[in-house]
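For clarity, chains are labelled A, B, C, D and E in written order, and residue numbers in each chain start from 1.
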Amino acid sequence: MAAFGAALTVVVAVGLGVLFTRWIGLALDSATLTPPERVPFLGGGQPEVHAWSRFHVRYYAMALLFLAFDMEMVFMYPWAVVFVEEGAVALAEMLMFIVILLLGILYAWREGALEWA
Amino acid sequence: MGLRRALARLAAAAEAPVFPVIGAGGRSVAGEIALLGGVRVVDSPRAANVLLVVGGITPGLLAPLLQVHDQLPTPRATVWWPGEPVEHQDLRTVLGEVVVARPGDGDTLRGVFAELVGGGRLSDPPALPDDEPAEWRGVGPYGQGGTGMTGGVPYGRPLAKRSPDPDGLELDQLPLRIGPMFPPLPPGLILDIALQGDVIREVAVGDNPFLGHPDGPAPAGLDTALFLEAARRPQPVATIELARARHHLRWAAGTLRLHGLASESLRVLRLARALRPEHALEVETLARRLRGRRSLSWATRGVGVVTPAQVGFGPVARAAGVAVDARLDDPAYDGIGFSPVVNDGGDARARLRQRLAEAAQALDLANRAGARVRQPGPALEGPRGPLSAGEALPSAALVDLLPRLLVGQEWGDAMTTVASLDLDLEEAAAGARAGAPA
Amino acid sequence: MIRSGTVDIAFWMFSAGSVVAAWLVFRTDSMVRAAYWLLASFAGVGALMVLLNARFLGLVLVLMMAGEMTIMAVFMVMFMMNPAGLNPMTMVHQHRTAKIAGVFAFAGLALVGLVADFPDRPADARRDPTSDLGRELLGDSMLVFETAGVTLLATMIGAIAIASKRGRYGDAEQGSAPPALEEKPPEPAGMEH
Amino acid sequence: MRWSSPLGAVVLVAGVLSAGAYVVAVLDVALGRLTAAGHLRLRHALRQPLDETALLLLTRPSRTERPDAQAWALAPALLGAMAAAAVATVPLGRGIAVADVADGIVLFGAAMAMVMVAVYLHGWSANSPMPLLGGYRFIALALSYEMPLALVLIAAALPAESLSVGAIVASQHDLWNVVRQPLGLPLYLIAGAGLAFWGPLDTADGPDLAGGTTAEVSGPSRVAWELARRFVLVAVAVMGAAVFLGGWQGPMLPGPAWMALKTLVLLAGLVWMAHRVARVRLERFVVVAWTVLIPLALVDVFVSGAIAL
Amino acid sequence: MTLQALLVVGAALFGIGVYGALSQQTFVMIMMGLELMLNGAMLAAVAFWAMSSGGAPKGQLLTVIIMTVMAVEAAIGFALIIGIYRIRKADMTEKLKRLRA
């Protein structure tokens, strides 16, 4: 548990450290910016609308595939720990599990779910 | 304040981050900027402290220039390489603190930067008035300018609107006007893009900012000026071919940079700057090396396919497998073993290979041509296609091709496609003028 | 029962953080923020699990949820009008009922937790819970494990079949005329019943 | 173990990250110059990163019209913090580890999964088209490299019979994993480059988006972001050195020196790759990641498993 | 840190989830409510595992199953949202009700 505490300390400290970098600059010059200075860069023009919009994520099918396939990790980590001790049975069981999941990727690939443009 | 002084001393020795803006006649010098010592060309004005304006600013470029100027964070300075003669808008009348220098003068630029960082020079004030894009403060039920769920102008701009998509999902479409100073695109190109997700749904080419000036652009300032000159006066073949090789290498450098090979691109630029016919072997090696670069092929293969029916001239057509070349009918090239290089596929990869091979071939021809002089008369094969008096220059036709090519492409593919066509908006403008009935 | 000053402080910190983050999910207008508040809530629970010595479960929860919540954010942005909440809005219905139901659910469950008498049998802190879980998966619960595989396969195929426009069986839209729907809802912002 | 005392832990991890980030910057300048001009000036390469940072610290941070300012400020901090968490799990010498916990590679995986959150937030918060596209591109990339990344680490955990990085290092006493599992390191480095959106996998901050998620970032915010991004690269190299190159083990030199040397080799490789390999086309990479990299990583797992039995 | 305290925290998360799932109008927000409820359930499961079951591995397995359920729910839920949006161009439960009427 102490190790986790140390890790948390490090995470917080480095995070604050990076955050602090921004403040060095703000302390030097905190004048306000005019609206033209804040226009998003498009090569000289102004955007007509806010960039925040219902963004059409073209790879949604891949994202869904990931959601399901990612679960495999949860089973694989504990499997790795006891793998040598359980022996060939473990190898066979996981192989079966993975082959089942790979069918999903195969299906997705055949359906063209991995391409988008 | 000790920290500030210490930082300033360090910062003055840094490479000056420069955002270049290329105006009329600036293209021929543009390749030199990245090679200046102590200068670094950046992708976005937000990363720059020096705005470098190269060439003349036409009326169509003025407003975008002011906008980009204001997008540079302070401390910022503007350096102008006007070129000769100053025929366009005098920048000094619109941007107060402009330092004018001879094109290619890196020392002045470095000096301005050092002064700026050291505190000896005040940062440029904003060029545009302190105006909101729309009245929004205190408007609407929450005082942020919006009404209802999606109405009004929250914080000065409306929200995007939905639009159908072949995908069947009617989601928002961003109407974006990109350019004329957007680094991945050629200088001056304005694209009105309707972007849905990361895919381009509609494209229109905006007004060419080099057009519409009473005098029009001076052909002398074009990067193909030497070829236009050669179309009218006798010119040694070796000179023409050397210029062709240099042109293609500069283009290749830009393409490499776009594909994330910035340091490799500098190397190519350096080779292009000092190019002589004796460098045939180096260029040959370069062409072979880049041809064998798997990652580069992988990034460009199948992107932006142009069929011979769409473009029937120049390297673009030859990259699609058509052996058209004005040099075939040019007596100056008889007997020195010229036959056009051809690639197939017509995609961005083929065009890259095509131009690199043509650069190597051009040096080879320059060596073999000896003192042979080309006489004006037949059409001259320029680096983008044939140039002949009174006809539209090749860029114009290539620009017209863009809307059809880009629709349906992913953003990165679209940028690859545009870069692979080697467009020059200034040439397109000059071509349009030359092609128009007098 | 685990007792130690530091652990207690950590427990209160993560619990409070987790609950507050969960509450903020429904208080923010920005969909991205909502999704990441939910992630923060999960991360708090993950930390609590680590405190309970279920280290693997706690860490893997964060690992899974980072991906899942990002996908959640992306989908919310995709399908919500005004996804960044530039115009403030309250998109709720039956607010009072929902509040009452929430309070009742909390009170009921908390009461059960406080009143019921659960056996006090703490887990052996010296055992490695991760290898226990591994042995369980490969041994007694092998069937559960393989069933999960099949379930996930069904999920993948089902999700892609439902979501993709063009499957092997043609255009998903064919034969279904989309009824027209007004672009803008007639209700004003803040439609709270 | 004084390295798990709060102060010791912070000093160790922050020191490794900062030193690593500086080395990355120097290598970047040096190898860039070597590619561009065929020679390098060491003095210039050593100074350039410091000068550039000083300049950025003197430049005003920009702000777009209506950004999500808090999230925008938080994104680099989150990115850097996650790199720190990843480094904390790695023993840098015999007994020199901040948090060599029993589930080390899960902690590493969780921290690296949060990278996706940080980059997406950085792109989203600016409310500007180019950063937005960059953020969305990164998600597509991350969803593709994440599985191979986790799988090759699991493969390395098989012979160690433990998820702890220390145990994985110890299991390479006789033979390094780079030899025992030849597929591991290449796959890991590809995924690692994606993690730090570095070199050929820099689709999020690429030049075709005018800088992508950094297109609207200037001054100190840029320092924070670039720093955090290099931290991630360092974390990738440190973990790679421990898991595939035998960690701190080696003859003659003390453990930390071996660790530093091996990390340096991996960093140099990653930086060299960035100057040498063109940026991938995202869509093509996604397909290849799912149909080639993930199956290869699974092959790596099962072959390693069969060997370990 | 006691079992009771952990169960109260779990109940709080569950309660907020119930509130969210009932009050929100959009599918995705309802899904967030559901996930929050499962979050509370997971915490309770782990608390029981750690403090009241003597560390029976089945307790951990239950948590893993809940996680799987969350992933399945999310994937199918998102797929349904896409499918429905494609046909109805609507993302709200109320609008669907109106359409049905």
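Everything that follows uses one rule, which is that contacts are C-beta pairs under 8 Å (C-beta built on N, C-alpha and C of every residue); 3 or more make two chains touch, one makes a residue touch a chain.
Everything quoted here is computed from the prediction, not taken from an experiment.
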Shared chain contacts [chain A and chain D, defined touch]: B, C
Number of steps on the shortest touching-chain route linking chain C and chain E: 1
Per-chain Cα centre nearest the global Cα centre, belonging to chain: A
Pair of chains joined by more contacts [C-beta pairs], A-E or A-C: A-C
Centre-to-centre distance between chain E and chain B (centres being mean Cα positions), rounded to whole Å: 52
Rounded Å distance, chain C centre to chain D centre (Cα mean): 28
Distance between chain centroids, defined by C-alpha means - chain D, chain E (Å): 33
Separation of mean Cα positions, chain C and chain B [Å, integer]: 48
Interface hub residues of chain B, defined as touching at least two other chains: 4, 44, 46, 71, 74, 133, 154-157, 159, 161-162, 167-169, 171, 174, 176, 182-183, 197-198, 410, 413
Chain E, residues touching no fewer than two other chains: 64, 67-68, 71-72, 74-75, 78-79, 82, 85-86, 89
Touching two or more other chains - residue numbers and ranges from chain A: 4-5, 28-29, 31, 35, 37, 39, 41-43, 47, 50-57, 60, 63-75, 77, 80-83, 85, 90, 105, 108, 116-117
Chain-to-chain touches, reported pairwise for every pair that qualifies: A-B, A-C, A-D, A-E, B-C, B-D, B-E, C-D, C-E
Chain B to chain E touching residues, read off their complex: 168-170
Footprint of chain C on chain A - complex, ascending: 1, 4-5, 50, 52-57, 60-61, 63-75, 77-83, 85-86, 89-90, 93, 96-97, 100-101, 103-105, 107-108, 111-113
Contacting residues of chain C [partner chain D, same complex]: 30, 32-33, 36, 39, 46, 55-56, 59-60, 62-64, 66-67, 69-71, 73-74, 84, 86, 128, 130
Residues of chain C touching chain B in the complex: 78, 81-82, 86-89, 165, 172-173, 183-185, 187-190
Contact footprint of chain B on chain A as seen in their complex: 28-29, 31, 34-37, 39, 41-58, 116-117
